[in-house]
Structures are given as structure tokens and as C-alpha cells.
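Attaching a single structure in C-alpha cells format; questions to follow.
Should a chain be cited, it is by its letter among A, B, C, D, E and F, assigned in written order, with residues numbered from 1 in that chain.
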Amino acid sequence: MFEPHTLVVEPILRNALLEDLGRGNDLTTDAIIPESLRSSAKLVAREPGIAAGIAISCGAFALLGDDIEVTIFVEDGSAFSAGQTLAEISGDARAILSGERTALNLLSRLCGIATLTHTLVSTIAGTRAHVVCTRKTTPGLRIFEKYAVRCGGGSNHRFGLDDAVLIKDNHIALAGSIKEAIARIHAHVGHMVKIEVEVDSLAQLRDILDERIDAVLLDNMDVATLCEAVGMVNGRMLTEASGGVTAERILAIAQTGVDLISVGRITHGAASIDIGLDIGS
Amino acid sequence: MFEPHTLVVEPILRNALLEDLGRGNDLTTDAIIPESLRSSAKLVAREPGIAAGIAISCGAFALLGDDIEVTIFVEDGSAFSAGQTLAEISGDARAILSGERTALNLLSRLCGIATLTHTLVSTIAGTRAHVVCTRKTTPGLRIFEKYAVRCGGGSNHRFGLDDAVLIKDNHIALAGSIKEAIARIHAHVGHMVKIEVEVDSLAQLRDILDERIDAVLLDNMDVATLCEAVGMVNGRMLTEASGGVTAERILAIAQTGVDLISVGRITHGAASIDIGLDIGS
Amino acid sequence: MFEPHTLVVEPILRNALLEDLGRGNDLTTDAIIPESLRSSAKLVAREPGIAAGIAISCGAFALLGDDIEVTIFVEDGSAFSAGQTLAEISGDARAILSGERTALNLLSRLCGIATLTHTLVSTIAGTRAHVVCTRKTTPGLRIFEKYAVRCGGGSNHRFGLDDAVLIKDNHIALAGSIKEAIARIHAHVGHMVKIEVEVDSLAQLRDILDERIDAVLLDNMDVATLCEAVGMVNGRMLTEASGGVTAERILAIAQTGVDLISVGRITHGAASIDIGLDIGS
Amino acid sequence: MFEPHTLVVEPILRNALLEDLGRGNDLTTDAIIPESLRSSAKLVAREPGIAAGIAISCGAFALLGDDIEVTIFVEDGSAFSAGQTLAEISGDARAILSGERTALNLLSRLCGIATLTHTLVSTIAGTRAHVVCTRKTTPGLRIFEKYAVRCGGGSNHRFGLDDAVLIKDNHIALAGSIKEAIARIHAHVGHMVKIEVEVDSLAQLRDILDERIDAVLLDNMDVATLCEAVGMVNGRMLTEASGGVTAERILAIAQTGVDLISVGRITHGAASIDIGLDIGS
Amino acid sequence: MFEPHTLVVEPILRNALLEDLGRGNDLTTDAIIPESLRSSAKLVAREPGIAAGIAISCGAFALLGDDIEVTIFVEDGSAFSAGQTLAEISGDARAILSGERTALNLLSRLCGIATLTHTLVSTIAGTRAHVVCTRKTTPGLRIFEKYAVRCGGGSNHRFGLDDAVLIKDNHIALAGSIKEAIARIHAHVGHMVKIEVEVDSLAQLRDILDERIDAVLLDNMDVATLCEAVGMVNGRMLTEASGGVTAERILAIAQTGVDLISVGRITHGAASIDIGLDIGS
Amino acid sequence: MFEPHTLVVEPILRNALLEDLGRGNDLTTDAIIPESLRSSAKLVAREPGIAAGIAISCGAFALLGDDIEVTIFVEDGSAFSAGQTLAEISGDARAILSGERTALNLLSRLCGIATLTHTLVSTIAGTRAHVVCTRKTTPGLRIFEKYAVRCGGGSNHRFGLDDAVLIKDNHIALAGSIKEAIARIHAHVGHMVKIEVEVDSLAQLRDILDERIDAVLLDNMDVATLCEAVGMVNGRMLTEASGGVTAERILAIAQTGVDLISVGRITHGAASIDIGLDIGS
């Protein structure tokens, strides 16, 4: 459940802090708090959830002050309860106050994603299916949100347009046929790139059963059709169910035997977890 | 309801597109779709809402293709219904397909914020109160989300830590007293910066009634206390209610006579509006 | 008199150093001075002035060498005399020599601004007026120059076009009337943004006396007119005198009772203070 | 008198505009001026001077609006009188108003430098000497200021630490001797790099007369000593007078026969030229 | 054989041009050539080869001048002979002269890679094997060099460390066993990521034959061992030969039946193709 | 033989690492190797050569891990033999594995350049001539490659278009005559810029013998003509032979008495030196 590398994380954090610092100062804090004051603060969960991005978020404090120390009490990927302290930050009091909002904005969102993911993952525990995310992420924060999905027990679909192929309805329509679209991919794409094809009917599925592809996305099918599709595929490639995946339906979908269930909502629709920063004590 | 300037918007869009393009290609699209193909597509709302960021989001297509033309059918700030076409994009087919997700990720989020804002604004129509946003925004997207709040009929609180002063509980605690905190601000901050002070009791409020400040944030007070607070202030400064503002409570809060009601949820808790891109036809 | 945050300062310093290092080397220093040589140097004032930006400027040395230590002898905002040592730098000799010009270019300019500001501030000591700067700053260095103004005892006007409103003659002309201009502002701008209006006659001033604005800029008025204007305003809003503020006139202007006197010249017209770097000893 | 290339100019302008636009808007202009309004404006000199950077500065308007047209009436390097129109800008009224301060801040500074340079150049007309600038430039604006010096009839010294060698007193002291310093340079630096050595006495000068160097900087010498120095050098290398060059002394210095007179003040001490932007008509 | 997207290409080109323009000017060209001069030039091959990156490289001219027109006579991926004109550039003469070296530096390198790749691809024509590149590319130019490999008829291995898994000897050693290494990958990596394992003996190969992986890299095996390995794998996964692939050995390697032959030398060891820019006529 | 300054080096290294890390992870390493594992590794030469860029390249490891220590055993500029350990790196095992390829890609290239340069330099030992590089460098890596040339005992020609003048055939043709081209340069370029003119015949050379220039590039002349040219110049300016410089011809060229021999091939045509990273032991 490795985090994105610091070399990639830091510019995003820096950008977020500069968005808040604007022309260079937290006016309120810098006018009121002496430069030399040291303080400590706790990140405390106001509601239960699954931790994601605690170290990443606390990186905001370290970028604002030289002497910041962070102690993390809950590992990313673990559950926390309401009232639990996730981490403690000590050092430059100005840095703690000025970084609070940026750290919380990020952490609340990432814990929200991990928590929603975990709920769905738990719902289908015992089936062979994995919950996977989509590219419906927040512009600029995709690598963080993909990481939060992993923290929640989910698995990642492709990260962008360049690291895997997903042939969708529009590609098929513009290529003329599904087989032509696949042929063009094989002519252009290297052997280390996985290929998935979206189909919306069993007829379309039949057409590609003998193609050299890695996965098929079964789009917006009802449970009965999914069952039949899984049977037709019979292990030739991975099967992914997509579309209309609600908390109510997900177990039934998983029980069809699909390998993957992709849910855009776990990134774009997760409610933030309420987390606060308590100074002192 | 002016948009952020293109000079500021474009780097954010470019960053979002590069996050998706990665090492330089939409493998699927570039392998399947001829470079010369022109096409057109419609951005279609799958559910009703308030428009925000249509031109901004469509800027993604223009950054990907030289000949992209965008026609906008719904003005930002206007309501749209399910099925309504928000805009039409025509030109380079590859640009349309490769830009789809980035444009939709942004637009769905911004319309979601405008729509939730609008709901709350409508609920308190007829009162003197304005719905205002907070700094609980998505890291990297604050200027877009503040704009979406304006599209929904809301008003903006400060944009960062440097453009206005908000003295909060932690500042007061570390300064020793509320009056000392205000004094330090007056000693350091220029005359073009507004000053707001957060209080959580009528006792605290009484302490600052004669201070030269622009607004008071009445934090987490019940409706009766808010009423009393508004009476005490009696127009000396703006009054802002904050904390626990639900759809159910907001009208009662507004009816206390406060000038402003700040709601973090309109940015961090708004559900995305489902918008799709329909190619062709 | 807080400095801009390091997170904002450092990229500007880095840019300035790269402008001088070009393709990567101080040819003279790197060819002549051994990499291992340690040295020390003093920043010495060649003429009296007010300190501004000593720590900021010495940041240039620290960016060039790992082991640089800086000891500051004169606090920003304090007066220094000719011959006085402002700071001492010790460590990597190459870093000291290569950073000298960048540090001095910045420091001389900032002390110049603080010194001129201080002269004007002293001239009007005992009046209620504050000396404030304008946006007539050096492109790329505004936050440093605004800080130098504070070091000199002046106060800051708005930092840019986005953090406060200043309705000027051209805006009024294009809006049709001063009242229409103000109305449009109230329709679009949030409650945390201050509003100032420029007027150039008492007639214009009369028109806005009952508007909900924070300050009025009394442009290019003679002392008698300023007196009358201050009387008319009578504390309803802040009054700012602007235009033709010379060292000779400033006291008379201050004695009219205006709250603020803005002087573009303190940033764009301040003479640099001569400061040198003395190696060794 | 070629301008720096657009590829280099544009990022500096963009940075300057973003410094003013902050979080994306000229609040005043965008609230008051309709997006569709076209307008025109003239850049008018309020005092006489020498033009420098008109096209560069007007680039600010073009970056803010798509349809900006600029007509330049005074070539860079030419004299203008008070009241003369330097250029006319037409197009997007918002772009004109929002870009005004950035363009003027830059243009006033550059014309100031060209004008002061020109005064000194004129003073020594008829002598063999050239007025040259130093590295005492504004951090971030060096290439603009070096260009303004050329516009004023001056010539450029080295642009940074990497494009030419200037051995100064500190280098000599740390190397042990002037000959050792020169030897180290010859051992490390390529044949396309010019080498200048600073001397502050005739004794020092005598030591380097037979060295393979391109120029000698005669530092802080009185006119009689300069005369003698020029005679000693006798054309073996270029001679540059430096230090204490005032408007009063410069002709006498030039008449000593030196090839170059460097004046730090033409960049760091030039008074801005007052230039205004007149909207409409 | 799609090119990397312009959005990704342009910053690399811009960086390359700024490396050459330095402080903003081609001194020679700008001093000698009038700004208004239009000219034309041909990119002419001095030796035969395979085209790669012609449009990309000519983008350098377009970034330097507004009116540059480029006509391409040889498609990327096609062969050209000595003396053949690859493209013609017309427009701003300064842009053509200033951009020449950057464009040629890039184009010569990319054509060199395509040409070497093509030689190897031709040598093994008729076998099932594909020539693939490695990560032994020039820092900063990987996406260009990977594209040049495609132009030469080769295929791309993974683009970086994040888009595919390649378990190498060091990973295996540190994990304890090859099976443990693979198990950790399956526990952490999503379903759209391909997995390849490096083995250097048939014993190691035997250990992984039943693992769920996509490819095996047969490192530094002789032809007989490769033959045996291919037989053992028997289509369960892709086979890649690597190490010691010379022009002499490649056909024998291909005839073992491996699917892929990776050759680091096609990117890091390709000789540049001599291409010149002929002005005028 | 000073290295480019860290301030310039680091962004290039960072860019190279990000090119490899992509969306933030070395998937293989991060999945298999525990975050806490420390390790050590040696950079070992697989073939003899001249060292260049060891510290620079090892900077890649330090950017990836906090605790990396590098011990360098071979100084840049020294010869190493096959099997020799160039440096040892210890610390964060993930950083060592993830940085390996970037460090080796850079180091192999730079050592290759130094080695080829050294071969040519050795061949002409005892003559007065210096081997110099050209601008035929890898886009983005010029300052590294110029440094590698110095490590190999060569000398650097100009670094870009802005730090020295080189009048070439196209400039002469467009200026009308060689004298006119030189005159334009003298009219525009400062005294710290060296001027070289390219000639391709003795007739052309004769035309410039009395011009005030620093060097003449004798392009593509045979040895006899070079001899005659050197005699004609007779020490008035530096002479540089260029074009068709092979390992076989270079001694004969050097013996003509030219001062400089420029060889594009030492940067664009050098074969990489095979260097490996051996983990552990």
C-alpha cells in the first residue's frame, strides 16, 4: 500500500500551500503568534473511518516550518473511531496554524475515499471480486486518490490514458468494428500494456472472446446478464462489471463471479471525513 | 459572476490534462482514431442542476486540439434540466475523446457545488442573509470552486490566509485575550484588509463590540443565541453564522437576521452532477 | 513586521541566483577559489539607513552553499549608520563570492525603500496619517517591496488587483456614473473585500458620502480642498490623499486630518542604499 | 539594439501579471466593465526621455486579451518629449485596464534607465569611451535592464557570472597573487570567454601588462592616475574606468582615453520616467 | 506510430531552445539579420536513414517565429537516402537560423535511433520476434526516443517504473525468493499492470512457469538455452531475450522463437544521422 | 574542472527522475522492498574509461532517499579500468534501486564523452592545439556534456547563442559580405563577448585578417590549406580547425599549428561507457 514518492508528492503539497498563502503570509497568524513560539496539535477524527494520507497531509506542516515533528498513531489503511487521535504535530506554532486547513482539506478527502471504498470492499468480502476505481478523480489529485482507494482495500484501474488501453463505445463506433479497433491497438501498442475492451451486450462480448486482450468491461449489465457473461468468458480474460454499482447491488454483482467491479463514486462521490486539529494540551 | 482570468485558468487545466496524458498519449485514441478525423460532441446533463464552469472545462478540449470550437448553450449560473445540452464541441476527434474525462471531472464537480449552493440560497430567499463559502476547498482548485459558489448564487469569504484576517479560537488562546489579538492585528495589517473575529459565546461577543473590526463569526450558536447576538451587534459590524448549518436549519438561522451564513459543505460536500459527453449525431 | 513566508521567498531568490549563474557557474570564482575553502564576510553599510530584508537577502548565500551561517546584527526596521555591520556570513567561500551581487542588489533596494519610507513617516510623526505604498512596484518583487515599506514604518495598500477594490476614474467613466460603478461592485464582490473609490473633486466626493464603502481616495487635491474633504467625510470612511506628495508637502497634507497618504515614489523612486560585502577579517 | 527573444520575455511578463492578478481577477475591472467592451488607450509620456521596452511592456496587454492590437509610435532608442504618445493599445477593455500597472511599472523603469544612460553617453560624445552597465540590476529583470542600457546608447558588460571572467580584489586576495589568479583562469576557462582583471593601483596594473587578458578594470582611480594607466596599457587590452563615476566627472574620465566607463547607477539608480495610460478618445 | 502529444512535446522543445538562447538572444543572428527578413531552408539528409521526429524537431522553428511554415516531405518511419530533402521551413529568417542547432540535435539523434532499430528489425524479418527498447534512454528525452524506436519498426517496453512491473535479480535477492517477490507484486499492484520477471537460468524459469505473470525476461542466455527456455514456456507467457544482442547474434536469437528481443543499444548506442540545414534557394 | 552548480544541476536530475517515476512509484521496488530496508551498492565500470559526472549522477540517489551516503573512489577526470569501483552508495534500499537507471543513464553517457575526448586529446599531446566541443549536444543536457568534455581534457567552445558570436556562412550570405557582417556585430555587441568568424577558403581568410575579431574557424580545410592559413593568421587571432576531424587526421591537423580543433562527435557521437550497479556485498 505504498505511498506516492515524496518527489512527486511535495510539489502538489507546495502548490496547495501556496494557494492558501497567496502573497506570502497567513496575516492573522503572523501578526498574532510570535515567530519563536513552539506548540503541538493533534489531528483528531470527529467520526469513524479508514485512514489514508496521514503522512502525506502532515507533509504540509513540514513544508511550512523547519522543526516540525510528526508522530502518526494510525497507519494508513487502518480503521479509526470517532475521537481517536490520528497524529500529533509539534514545533513551530505558526506552521501548525497556517498549515491546518491545507492538511485537513487533503486528509478529510482521502479518508473519505478510503472509507467509502472499504465499505464496498467489506460488502463483497468472500467473493472473488475486487473493487476498483476509475479515472473520475479530482483534477490534480489523482495519485493521492488512487492511493486512498488502495488504503480502503480497493485496487487501482489504469492511472491515465497512456498506461493501459481501454477501448470504449466511441472508439468502436469510430473504428467501424470492435475487431478493427482491437487490431489497430495490437499494431501500435507495446507488449507491456494491458488491453481492456468495453462491451454492452453479450453479442458484442461473443465477438471478442477469441481476441488477445486482458480484460473485458461489461458495461451496465443486469445481474443475470453479468452471470451469463462470466460464463461465456470462462476465465479467458478478466471480467469487470461497471455502471450502476450501488451499495445495494454490489454483492449481487460480485456473486456473478466477475473479477472486478469498478465504481467511479468511490473517488468522485465520497463524503469527506470530519477531522479536526486540536491545538495544545 | 466573472470567471477567473484565462492566464490563471490555463495552467491548472494544462496540469490536469498532463495528469491524464502521462507520457504523452491517449494510447487507445491515438491508435484507433485517425489524426485527421473531425467530430463533434455534446455535453449533456444527466440530471438537473446549476451550470458552473462550462467554458473553463471546455478549455481542456482547446488545449488538446488546434481547431476546437465550443458553443455554449447554458450560461454559468443558469439552471439546466436532465437531458439538456450544455455545450457542443467540434473539431479534432482525438482531442474530444482525450479531453473528455478531464473536462467532465471538472465540470461535474463545479456544477455540483453551484447546485448545492443554489439550493441553500433558494431556501433562505427573502431573508437578508447570504450563503458564503469557506476555505474547505479542494487543494489546487480553490479559485474554480469559489467561482462555482458565485454561480450558485452564493458569495465568497476570503480566498486565502493573506487577503483577510480571521481571528479564531486558537489565535485568541495563544495571544492571551481577544483584545490583545485584535490589537496585534491593527499593529501589523494594512487598511485594505478586512478583519473578522470568531466568538463562541455572547460573553466573548460583548468584549469586541467596540472594536474596530468588520465582521464577527458567531460559531456554533443555536438559533436563540444567534438572535440575541444579532441584536447585540445591532449593525456595528457584519454578523456571520457558522457551524452546523444543515438544509433543515438554514432558514431558521437566516431568520435571526445574520448577514452571512458560511457553509463548508457547499464546497467539500457537494455531490457531483452527472454530465456525459455524447459523440457524434 | 512579519516577512513573507520562506515558501514564497525561496523561489524568487532561486530565480535571481539562476539569472546570475546562467549556465551553472561563477567562472571566476570556481576557477580560482578551491571548493573546500571556508571564509567569512560582513555586510557593511556605506551610508546610514533603515534595515529591510537582511535575512531574506542572506538567503541567497544559503541557497548556494550547504554550510552557510548567517548572523544578523541589525533587525529589519531598525536604523543603521554608515560603517555599521548589518550581518556576517560564514561558510563556503565560493557561495559567499557567487551570491554577493544577488544579495546586495536585493538588500540595497529594500533598505532604500525602507529608508525613504521612514523619512516620510518621521516627517508626519504626531499626525494621525499613515504613509502607504501603491502598486507601483518592481515586477516580480512586490511582496519584498511591500515588506520593506512596513520596515520603514509605512503601511501597505492592496497587494494586487484581486484582494481589494479600487474604483478609479476610468472605471467610473466606463460604468457611466460613480454610483453605478459602486453598485456593480456590491453585486459581485464578497464581504471580506474592502472597497475604495477615487474622487478628484468635492462634487464627486459628495456623491459617495452615503455609499457603503471603506475608503475614499482624494486624488491630486490641494491642501485646502483636502481639509474640506476630510470635514465632509467626517469619519464615515477612511480618507486617503494621493498624488503630488513631496517631502515638502507631506506634513501639510497630513495635518489636514487624512488617514492615509499614498506615495508611489517610496517603492519606484527610492534610491538604493550603498551596502558592501567585505570578505575576511 | 535587438530585444530579448519573446520566448524569454513572455515568462517574465506572465509572472509579473500573475503577481498582480493573484487569485485570478482584477475585481474592480471585472465587476464593472462588461466582458465584451472594446476600448483603446494611449501610453503618454508625462516627461521627456528615451524610449526602451515599449513593445516588451505592451506584451502585457496581449497576454491578458486575445484581440489586443498595439501600434507603436516611438521606436525604442528614440527620444520622446513630454506629452508625446508612445503607443496606442486597442481591444478588450478589461485587458487594457488590468494590464495598465504592470506595463507602466516596467516601461517607466526601462525608459528611466535608457534616459539616464543617454545623458551620460551624450556627455562624453566625441571621446572614444563607451558607457557600460554592471550587474547591479534588479533581480529578475536583468535582461530587460541590459536592453534598456543599449536603448540609451550604452553598451553591455557581462550578463552574469558564467559568460565572462572578472577577477576582483577578493579573488586575488584568496588566490595569493594576481598572476596566480590569472593562471587558474587560463587553466579552466575556454577560448570563447573574455577575461578582465580589476586593479586598484598602477603597481598592480604593471603586474598584468604582459598577461593574456582582454580588459583591465581600473577601479576608483582619479583622473590623473587613469591617464597614466591608459598610457601604460597602450592598447594591449581594453581599459575600463569604474567607481565614482558622476555626471560631473564622466567627461574628464572619458578624456583620459579609457575605452569603457562602467556605471552601476544607470541600472540601479535611474529614476523612473513618468508615463501614463490615457483611456479612450 | 503516433507522436507524443504536443502538450507534452512543447515544454521539452521550449527547454531545449532556452538552453541555447540563454539570456535571450542569438547574438550573431540578431545583430546581422534584419527582423523583417523572410527566408526558407531545407533539412537535407547527408546520409541514408529512417525518419523519426521531423515534425517534432521542426516545432523548434515554430516556437521561435510566428510565421514559420513547415512542409514535410518524408513521413516519420520512412526511409530516406543521402541528399534527400526531409522538410522545408520558410518564414522568419532569424527563427530559422536560431533554431537550426536545436532542431538538428534532436532530429539527428531520433533518426539515428530509428535507423539502428530498423536495421535490427530487418535482420530478423520473418521471425516472430519483435525488437523492443529499454529504459536506457537519454534523461529528459525518453518519450522522444521511445517514439523513434516505433518509427524504426521496433516496439516499446515499459516507459518507466510506474507503468509495468519488471522483477529483476536484485528484487528477487532482497525478497528472498522469486515466488515471494511475485506474491508481493500480486498483493500490491492493480489488474491493468503487466508483470514480467527476469530469470537467468532454466532452473529459475521452471520456478515461475505456473505463476500468473505476463512475460519472462531470459537474461544473457546463449541460443541453445534460449531455445530450451522457449520450449519450456510453451506459450504460457511472452518470452523476452535480453543481453548481448549484437547485429551478428540477433537472427539466431530470433530463430529460437522468443517473442521479444530487447536491445538497450538502440537508444543509448545509436549513431546520429548526419542531417544539415541548407538556407535559401 | 569545476562542476555546474547544484542549483542548476538539481532541477535537471529531478526532471530525469520524474520521467522514470511517472505517477509516483517504482511499482516493483515499492511492492517488494520494505520501506525500512537499508542497503549498499557499488557503481562498477565494466570497461575502462575516464570518469565524468560521478557526483552529479549519484545526486539522483540522494534526491530519492533522505539517508543516502555516497563515497566516491575515482575523481572526475581520472582514468578507471574495467572492474574498478567508481563509487559506493549506501542507505535507503528503495532509493538505490529506483535511482539506478537514471544515474547510470547519465553517468555512462558522460563518461563516454570524457573518454572519447581524452582519446583525441592524448593523440595530439605535445602540439599546441586544444580539442574543443561544439553545440552538437543533447537537448537539455548541454551543461553536463560540456563538463564531461572538460573532464576528458578538452576545452569548451561557446555554451549557447548568447555568450559569444560565431559568424557562419549563412550569416555572411544574408549580410552580403563578411565585412558587413562583422561591422554589424561590432555595432551591437558588448566588449565582453568574443567574436569568431567562419571561413572556408584562404581568400575569405585574407578578407578578415585585419578585422578586430578573436578567432577564425577554418572550416573543412585540408591539412595543407590549414598550414597556409595558420601562417597567414600568424598569431593575429586564434585559429580553429573544424570539420572532418577523425581520429586518424587529428594529429596532422594539430601539427599545422592551429590553436583549436573542434569536434562535434565528442558530444553527439561518443559511445556510452558500460557501468553497472552491484547491490550488496
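The definition used in the following text is that a contact is a pair of C-beta atoms (placed from the backbone, for glycine too) under 8 Å apart; a residue touches a chain by one contact, two chains touch by 3 or more.
Bear in mind the structure is a predicted one, so any value in this text is a computation, not a measurement.
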Chains contacting each of chain A and chain F, listed by label: B, C, D, E
Can you give the rotation angle that fits chain C onto its twin chain F by Cα atoms, in degrees and rounded to the nearest 5? 120
If you tally contacting C-beta pairs, which comes out ahead, B-D or D-F? Let me know. D-F
Any idea how many Å lie between the Cα centroids of chain A and chain C? 45
Distance-wise, how many Å sit between the C-alpha centres of chain C and chain D, to the nearest whole number? 23
Cα centroid separation, chain C vs chain E, in Å, comes to 52
Multi-chain contacts in chain A: which residues touch at least two other chains? 2, 21-26, 30-31, 98, 142, 159-160, 162-164, 188, 193
In graph terms, nodes being chains and edges touches, is this line, ring, star, complete or other? complete
Of all residues in chain E, which touch chain C in the complex? 22-23
Show which residues of chain F lie in contact with chain E when the two form their complex. 12, 15-16, 19-33, 37, 39, 93, 97-98, 101-102, 104-106, 108-109, 135-142, 159-168, 170-171, 173-175, 181, 184-185, 187-189, 193, 268-269, 271-272, 279-280
Per the touch rule, the chain A residues reaching chain F in their complex are 2, 4-5, 7-9, 142-143, 146, 159-160, 163
Of chain B, residues touching chain C in the complex: 1-2, 130, 132, 150, 155-159, 162-164, 188, 190-194, 196, 214-215, 238, 259-260
For the complex, give me every residue of chain A touching chain C. 14, 17-18, 21-26, 30-31, 35, 63-64, 98
